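Some structures are shown below for you to check.
First chain A sits with chain B, and in the next complex the same chain sits with chain C.
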Partner chain A sequence: MSSVGIKGYAYCLNHTPELGLHYGNTPYIERMTRGETEFLSELPKHLQAYGEAVSYAPNQAYIGGITLDEYEAQPQPWYENRMADAMRYGKYGEIMPEDEFLGLIDICDVFDLIWLEKGFASLVKEKLVQDPVISETILARLETGHDQEDIDSEIKDHKAMPLYIDGNVVGCVRSGHEVDECLFPYVLLENIASKAGGVLSVLHLLKNSAISPQEIDFVIECSEEGAGDMNQRAGGNFAKAIAEIAGCVNASGCDVRGFCAGPVNAMIAAASQVASGARKNCIVVAGGAIPKLYMNGRDHVKKGLPALEDCLGNFAILLVPDNGEYPVMRLDALGKHSVGTGASPQAVTSALTWEPLQKLGLSFQDVNKYAAELHTPEITLPAGAGDVPLANAKMIAALAVMKKQIEKKDMMAFVKEKGLTGFAHTQGHIPSGVPFVGHACDAIRDGKMKRVMIIGKGSLFLARLTNLSDGASFFIEKSSGTEAVGAISKDEIKNMILEVLSEISESLK
Partner chain B sequence: MDLQNQQRIKDAAEKYNPEELVVILGSSDAEGAEIYAETVANGDPTFAGPLAGVQLGLCVYDIFEEEIRAEADTAAWEEQISMMEMVLDPEALSAAVAAMRKEFSKYSL
Partner chain C sequence: MGKLAGKKLLLLGERDGVPGPAMESVFQNSGAEVIFSVTECFV
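After this line comes the complex of A and B, so read on.
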């Protein structure tokens, strides 16, 4: 089989301004190295309330509250043109407020690392019970809570890190070890929050796909976090930890890493396992990254904008054998940024778009949309990083000119037609192509699109292991419906022939 | 300009004769290119990195400027740069860097 069905998808955000304020890497490092600077005193004035995050058009596009056509029609700047009728829940998932998310973090903590204050835990329980994907079994994992003085003492005497709502301490993250930095509260919070985001998306995915958790066979997780201890800093495994909380008792799992190229590589790994028959089905999932909250906050504050990077992004996608029913991910024409490809944008774009197109005998025009690095431009432009999805679309258009497939004068028309307006938070692995999978599958099902390309790119050099970057891509298109025939085994064909021969011999008697 | 790159430039200027050094920028954004050019010629305007208050006065060009393009191998240019030439705004980038060079560079090609 060279294609797999995309049965379901979920996209959620966790609105976490206070986690960002205290533990986003930019403010956290600033506080640690320079103390309470002007930026840190100004940042709280720029935080968005939960309602503002819900009414922010890019967030609604992410959770499927609006279609991408509706998103394109929204007036800009989006932070000044809030959506009046925006809701917490969208077609793909939800935007969870911070207090409930702290509750979900506690639910996902199986080592008594998260302590919540009793009154807060009780309040959060009342709220979480109303979430359609939080079952009684999951809610039963929420602790009853601790006395405030015990939490204060844990922070004061045992290196625990406070958790805040409205500026008040409502809990803490305890240290997992006396000397092991990999188990210090900051790392544990980052990891458990990513796990919790992943769990939320998997729960929505199960609901959206109308499949029970027991039916899930395998999970591949692809965030950019590292869970381990001092002997093996990123030993893993987020996937299995997420599957456990989501009730996927028959699933196992593993993690795939590659910075922002992680999700596309994970999709390819998962699809290959499903296509080969090694797994009955496979979920690809990732939670968000606390360190990336307010990453560009300094520029947003300086330019008088709201601090827009206040949400953790997460997603989950379910891949199943291609039975003709679902849009498919093709495995016979993958884009691959090889070691020898080189670093020039030209070489990279060619490896990720032109080469897979050539494998299928297609032209640049045969793809409805190219989805790469879907960062919300309103977040990146004030930080001097440009409109990332637009730059990607321009590069593909320029390559199409070089390959003599379009005229140079038609470049911007190509960009408009084949590019996308970004709608994902600057959460590294989250914007990298995958947020479009849901919208693309819907458009393909509705007959509005025929074929799209999902592109992931990762800055491997950040880890100081190699100067290389990475990239991978794949096509999604309508199922040809032929895979069901291809799936017939040799034995079945042999039996059919024997049956026919037997019928012929009977008729000759 | 990130702190590591500022340090690299500073180290190079100390190791070699600054008169014989040319910094070639490949920024995608004119505003960024202007800041990078200012940094290597007049010091880090954000006062955050190793070049804060250090006026190296280095000769700085954008890769799209004619003087640099003329030095490049045509085939390599075609293979490595020509696509981005269509994507970016070479004129704006060249103008931004040239303005900083004229104002702050102590050395020329």
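After this line comes the complex of A and C, so read on.
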């Protein structure tokens, strides 16, 4: 089988302005190295309230609160044109407020590393019980809490890191080891928060796909976090840890890494296992990255904008054998940025788009949308990083001109028709193509689109192992039905064998 | 050899724009010396 069905998808955000303010890498490093600077004193004035995050059009596009056509019709700038009727829950998932997310982090902590203050824990429990995906079993994992003085003492005397709501300490993250930096509170918070975001998306995925957790066979996690200890800094495994909390008792799992190319590579790994029959089904999941909160905050503050990078992004996608019922991910025409491809934009774009198109005998016009790096432009433009999805669409259009598939004068029309307006937070791996999988599958089911391409690109050079970057891509389209399980009858196999034998006998004459 | 001959170059690349190694290739026969080349990711 060279295609797999995309049965379900979930996209959630965790609105975490105070985690960002204290532990986003940009403010955290500034505070550590330079003290309370002007940027740090100004940043709190630019934080968005929960209601503002909910009514922000890109966030609604991400959780499926609006379609992408509705998103395109929203007046800009989005931060000045909030959506009046926006809701916490969308078709794909939810935007969870920070207090409830701290509760979810505690639920996902199995080593008593997270301590919440008693009154806060009780308040959060009352709120979380109303979330349709938080079951009684999951909620039972929430601790009853600790006395404030015990939390204060843990922070003062035992290197714990405080957790805040409205500027007040409501809990802490305890240290996992005396000397092992991999188990210090900052790393543990980053990892458990990513796990919690992944769990939330898996819970929504199970609901959206009308499948029980016991039916899940395998989970592949693809964030950019590293969980381990000083002997194996990124030993893993987030996937199995997420599956455990989500109740997927029959699943195992593993992690796939590749910076922002991780999710597309994880989709390919998962699809290959399902297509081969090695797994009955597979979830691809990733939680968000606390260090990337307010990464561009300095520029947002300088330009008098709201500090927009206040949400952790997460997603989960369920792949199943292609039975003709669901839109499919094709495995017979993958885009691959090989070691020898080179670094020029032309070579990279060609490897990721033109080469897979050629494998299927298709032209650039045969694809409805190209989804690459879907960062919200309102976040990246003020920081001087440009409109990333637009830049990628322009490169694809330029390549289409070079390959003589469109006229140069039609380039911008191609970009408008085939490109996408970004709607994902600058959460590294999250924007890289995958946020479009849900919208694309809906459009394919509705007959509005025929074929789309998902493209992920990863900055491998950031780890100082290689100067290379990476990229991978795949097509999603309507199932042809010909790959359906059991679709080939015994008679058809017999006929095929007879045809081959007949060819051999002809060649022997 | 063009007008860059004998010059020293600092190349700042961007992943979704033009990466450092791509610029290095362009200037390979220019007569200029690349003294620093890097690719950064701002997203």
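As a convention for this text, the second predicted complex is superposed on the first by the 484 of 509 C-alpha atoms of A that agree within 3 Å, B and C clash if a C-alpha of one lies under 4 Å from a C-alpha of the other, contacts with A are read in each partner's own complex, and residues count from 1 in each chain.
Here is the rule we go by: a residue touches a chain if its C-beta (ideal position, glycine included) is under 8 Å from a C-beta of that chain, and two chains touch if they have at least 3 such contacts.
Predicted, not measured: the structure shown is a model, and the values here were computed from it.
Visitor: Applying the touch criterion given at the start, work out whether A:49 contacts chain B, chain C, both or neither, answering first, second, both or neither.
Guide: Neither partner.
Visitor: Report for A:398: first if it touches chain B alone, second if chain C alone, otherwise both or neither.
Guide: A:398 sits against chain B, while chain C stays out of touch.
Visitor: Applying the touch criterion given at the start, work out whether A:457 contacts chain B, chain C, both or neither, answering first, second, both or neither.
Guide: second
Visitor: Considering only the touch criterion stated at the top, classify A:426 as touching first (chain B), second (chain C), both, or neither.
Guide: A:426 contacts chain C only, not chain B.
Visitor: Quick check on the superposed pair: does A:345 touch chain B, chain C, both, or neither? Answer first, second, both or neither.
Guide: A:345 sits against chain B and chain C alike.
Visitor: Is A:230 contacted by the first partner chain B, the second partner chain C, both or neither?
Guide: It touches nothing on chain B or chain C.
Visitor: For A:408, using the defined touch cut-off, is the partner it touches chain B, chain C, both, or neither? Pick first, second, both or neither.
Guide: Touch status of A:408: first partner only.
Visitor: Which partner does A:373 contact after superposing on A: first (chain B), second (chain C), both, neither?
Guide: Touch partner of A:373: chain C, not chain B.
Visitor: Check whether A:278 is in contact with chain B, with chain C, with both or with neither, and answer first, second, both or neither.
Guide: neither
Visitor: Which one hits more chain A residues, chain B or chain C?
Guide: C
Visitor: Would you tell me the residues on chain A in contact with chain B in one complex that are also in contact with chain C in the other?
Guide: The overlap between the chain B and chain C interfaces on chain A comprises residues 344-345, 384-386, 391.
Visitor: For the complex, which residues does chain A have touching chain C?
Guide: Touching chain C: residues 259-260, 296, 342-345, 373, 375, 380, 383-386, 388, 391-392, 426, 428, 431, 457, 459, 461-462, 467, 469 of chain A.
Visitor: Would you tell me which residues of chain B are touching chain A in their complex?
Guide: So the residues of chain B in touch with chain A come to 28-29, 31-32, 79-84, 86-87.
Visitor: Which part of chain A faces chain B closely enough to touch in the complex?
Guide: Residues in contact with chain B: 344-347, 349, 384-386, 391, 394-395, 397-399, 401-402, 408, 411.
Visitor: In the complex of these two chains, what residues of chain C are touching chain A?
Guide: Going by the criterion above, the answer is residues 14-22, 25, 39, 41-43.
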